[in-house]
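What follows is subunit A paired twice: with subunit B in the first complex and subunit C in the second.
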Partner chain A sequence: MAIFSVYVVNKAGGLIYQYDNYVPRAEAEKTFSYPLDLVLKIHDEKVVVSFGQRDGIRVGHALLSINGVDVNGKFTADGKEIIEYLKDSTNYPVSIRFGRARLSSNEKLMLASMFHSLFAIGSQLSPEVGSTGIEMLETDIFKLHCFQTLTGIKFIVLADPRQSGIDALLRKIYEIYSDFALKNPFYSLEMPIRCELFDQNLKGALEIADKASNFGPGS
Partner chain B sequence: MSRQSNRTTDSKKMNAELFTLTYGALVTQLCKDYENDEEVNKQLDKMGYNIGVRLIEDFLARSSVGRCQDFRETADVIAKVAFKMYLGITPSVTNWSPAGDEFSLIMESNPLVDFVELPDNHSSLVYSNLLCGVLRGALEMVQMAVDVKFSQDTLRGDNVTEIRMKFIKRIEENLPAGDE
Partner chain C sequence: MTVHNLYIFDRNGSCLHYGEWNRKKQAGISKEEVRQEAQLIQLKDGFLTFQTSKYKLHYYETATGIKIIMNTDLGVPNAKDILHQIYSTLYVEYIVKNPLCVLGEQLSSDLFSTRLDLYIRALPFFSPRAA
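For the complex of A and B:
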């Protein structure tokens, strides 16, 4: 999966569409016996590992499920506090899955509007007049590409840094948006996109882009 | 009217006469519903506006035209690219005002009015007013406020169809970043 996610942001900075195309590969499920040798803490309403990295479980990973049942923030599915539950030796042996916590939709909304504001910084910092906003953001795990249309809509794609052809993909997503979202008379402009055809065609375009890439993380 | 060949949807050719008939049915139904030519003109303009705000994205996605820096460039793009792409005609751009903020699009033929004759009781109906709304809506989405109206109409006895476009102002609110 060389294309990780697609975000569409409207003129006002609100997230109107989001699609994730990756499966976090770094998830580890292990059986533990009392006492637990990982140090856990509560962070942002989630239980995360703060110390005790081993066996694929990294610092910062969140506790995703206990005994196969997904947790609900800092409580188990039946409402018990996780930290208390894990202090009780009668609950062991227990099988816990750790992994990178997915972003919730509220967090994504916030990050999208933050990006919208940062985007403008690109053009403000420019030594010459008439610069575009931020077009690319690079980290060692992914590259974020952003394309702003003349009407103010931003298409953002997160992809593998080695992936090429993202510009063409952004233009293709713009075409798919102008077709399946805008030509749907029941879709109101600037609102979240809830069109089946848009989803399907977007997935199709991402698949084509994936296949066209010569490499990608091994699946 | 055919669609571009690089589309993922199948390329369809639609009969232009079906389009003319559809538009005609629309206008006559509006006339029956509102019974007042001015009201019908307004409704056509509103409908055109809704089409325009959506059509502009399709136009920009397919034509890769950049932002126009002045009104003359805008006029050229509208006449040579947009009209060609959507209606298959290329109107000419003339009658520039001295300040360069008004121009006319002269169309020899108007695909919307093939086979149409305006009866006497609808003398103030602007049959193709939808086009004015489309132009107004599309330009508003790229931050230009314009006033568009028909100044000559073959349906009302003139030789050519003339659309007069006047630049009012640049819309400064909600400018996309990097376009100040």
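For the complex of A and C:
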């Protein structure tokens, strides 16, 4: 069990804090001969697998490095287009590493504001009177827990579905936010949180919550 | 425990069917708008449920993109099997196997509606608690 990451969203839907606690790395490196038996496409300035799953390489995985050299978006390290490079049979055999692309800070901002509106839609479409927004969202590999304070700040924790004690953790994070962000005279409201004490205490709280469960990450 | 309402969407996001049982709060918009708005609740594979303080939304998507969404109260456990049953024993049997039903359009089969209604009413968690 594990806690994956923490997001803090202000009342306008802006992301003011994000911390990745544990990122599972799913990477696969393989040597290919010509022609490539995967279908690749360019998506968001990255080269991703669009068809053909094998040996741990999944649809949606991004191309991370060619022959051990990290790629730069949709270009190789020396500035050639990857798709063109892989079309040339003289470059084979080639060793390519695939993995889940890391979220860029921009994508994280986008996701945070997307959740902000989903939260509102969740409460608007409620069949019952007086419903809050989304408090828990479950998928097969993680659970998203969201706690909205009376002042409209949302604390969001992504954790393993079996992880317990998340409610206490959310309230602890709120406490840390009030103590170390709000009481910091250099912190301006609604702006990104850049306070060292907040960082330290949040990490401490996450460690305690992680230890409270019997199994470490990856179990 | 109770079932509030049920949506069926196709892969283009058009609402094929909407059923309502115990819905206390109506959204301040027409049903057509609800349908349109509900189309925003289309997430990726792997999404199963979300819950708020008052209700729980269960989501099931087939490989062909048919989406079945059911709102219940919080006490209902994982309803994936039930949603799969609605798809396999009701949608496939009475819509797909009916040559007069045009796929991708709003479902007009009375047989389907009555069977769905009976099925939902027979669910063990259908009847609302005496409050």
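Everything that follows uses one rule, which is that the second predicted complex is superposed on the first by the 210 of 219 C-alpha atoms of A that agree within 3 Å, B and C clash if a C-alpha of one lies under 4 Å from a C-alpha of the other, contacts with A are read in each partner's own complex, and residues count from 1 in each chain.
Simple rule for what comes next: a residue touches a chain if its C-beta (ideal position, glycine included) is under 8 Å from a C-beta of that chain, and two chains touch if they have at least 3 such contacts.
The model shown is predicted, which means the values in this text are computed figures rather than measured ones.
S.K.: For the overlay on subunit A, clash or fit between subunit B and subunit C?
M.R.: On the superposed model, which is not a single observed complex, subunit B and subunit C fit side by side.
S.K.: Touch check for A:Ser131: first (subunit B), second (subunit C), both, or neither?
M.R.: both
S.K.: A:Tyr177 contacts which: subunit B (first), subunit C (second), both, neither?
M.R.: In the superposition, A:Tyr177 contacts subunit B only.
S.K.: Quick check on the superposed pair: does A:Leu189 touch subunit B, subunit C, both, or neither? Answer first, second, both or neither.
M.R.: first
S.K.: Touch test for A:Asp140: subunit B only (first), subunit C only (second), both, or neither?
M.R.: second
S.K.: With subunit A's C-alpha centre as vertex, what's the angle to subunit B and subunit C, nearest 10 degrees?
M.R.: 90
S.K.: After lining up the shared chain so the two structures overlap, which partner does A:Ala212 touch, if you call subunit B first and subunit C second: first, second, both or neither?
M.R.: Touch status of A:Ala212: no partner.
S.K.: Between subunit B (first) and subunit C (second), which does A:Lys11 come into contact with in this model arrangement: first, second, both, or neither?
M.R.: First partner only, subunit B.
S.K.: Given the superposition on chain A, which partner contacts more residues in subunit A: subunit B or subunit C?
M.R.: Residues of subunit A touched, subunit B against subunit C: more for B.
S.K.: Which partner chains sit in contact with A:Ala168 here, subunit B, subunit C, both or neither? Use first/second/both/neither.
M.R.: Neither: A:Ala168 stays clear of subunit B and subunit C.
S.K.: In the superposed arrangement, does A:Leu111 touch subunit B (first), subunit C (second), both or neither?
M.R.: So A:Leu111 meets neither subunit B nor subunit C here.
S.K.: Subunit B to subunit C: minimum CA distance in the overlay, Å?
M.R.: 10 Å.
S.K.: After overlaying the two complexes on chain A, where does the subunit B footprint on subunit A coincide with the subunit C footprint?
M.R.: The answer is residues 122-123, 130-133 of subunit A.
S.K.: For a test of understanding, state which residues of subunit C touch subunit A in their complex under the given definition.
M.R.: 4-5, 22-25, 27, 34, 37-38, 40-41, 46-55, 57, 71, 73
S.K.: Please give the residue numbers of subunit A that touch subunit B in the complex, ascending.
M.R.: 11-12, 119-120, 122-123, 130-133, 148-153, 171, 174-179, 182-183, 189, 201, 204-205
S.K.: Taking the complex as given, what residues does subunit A use to touch subunit C?
M.R.: 117-118, 121-141
S.K.: So in the complex, which bits of subunit B are touching subunit A?
M.R.: 7-9, 53-54, 56-58, 60-62, 64, 66-67, 141-142, 174-178, 180
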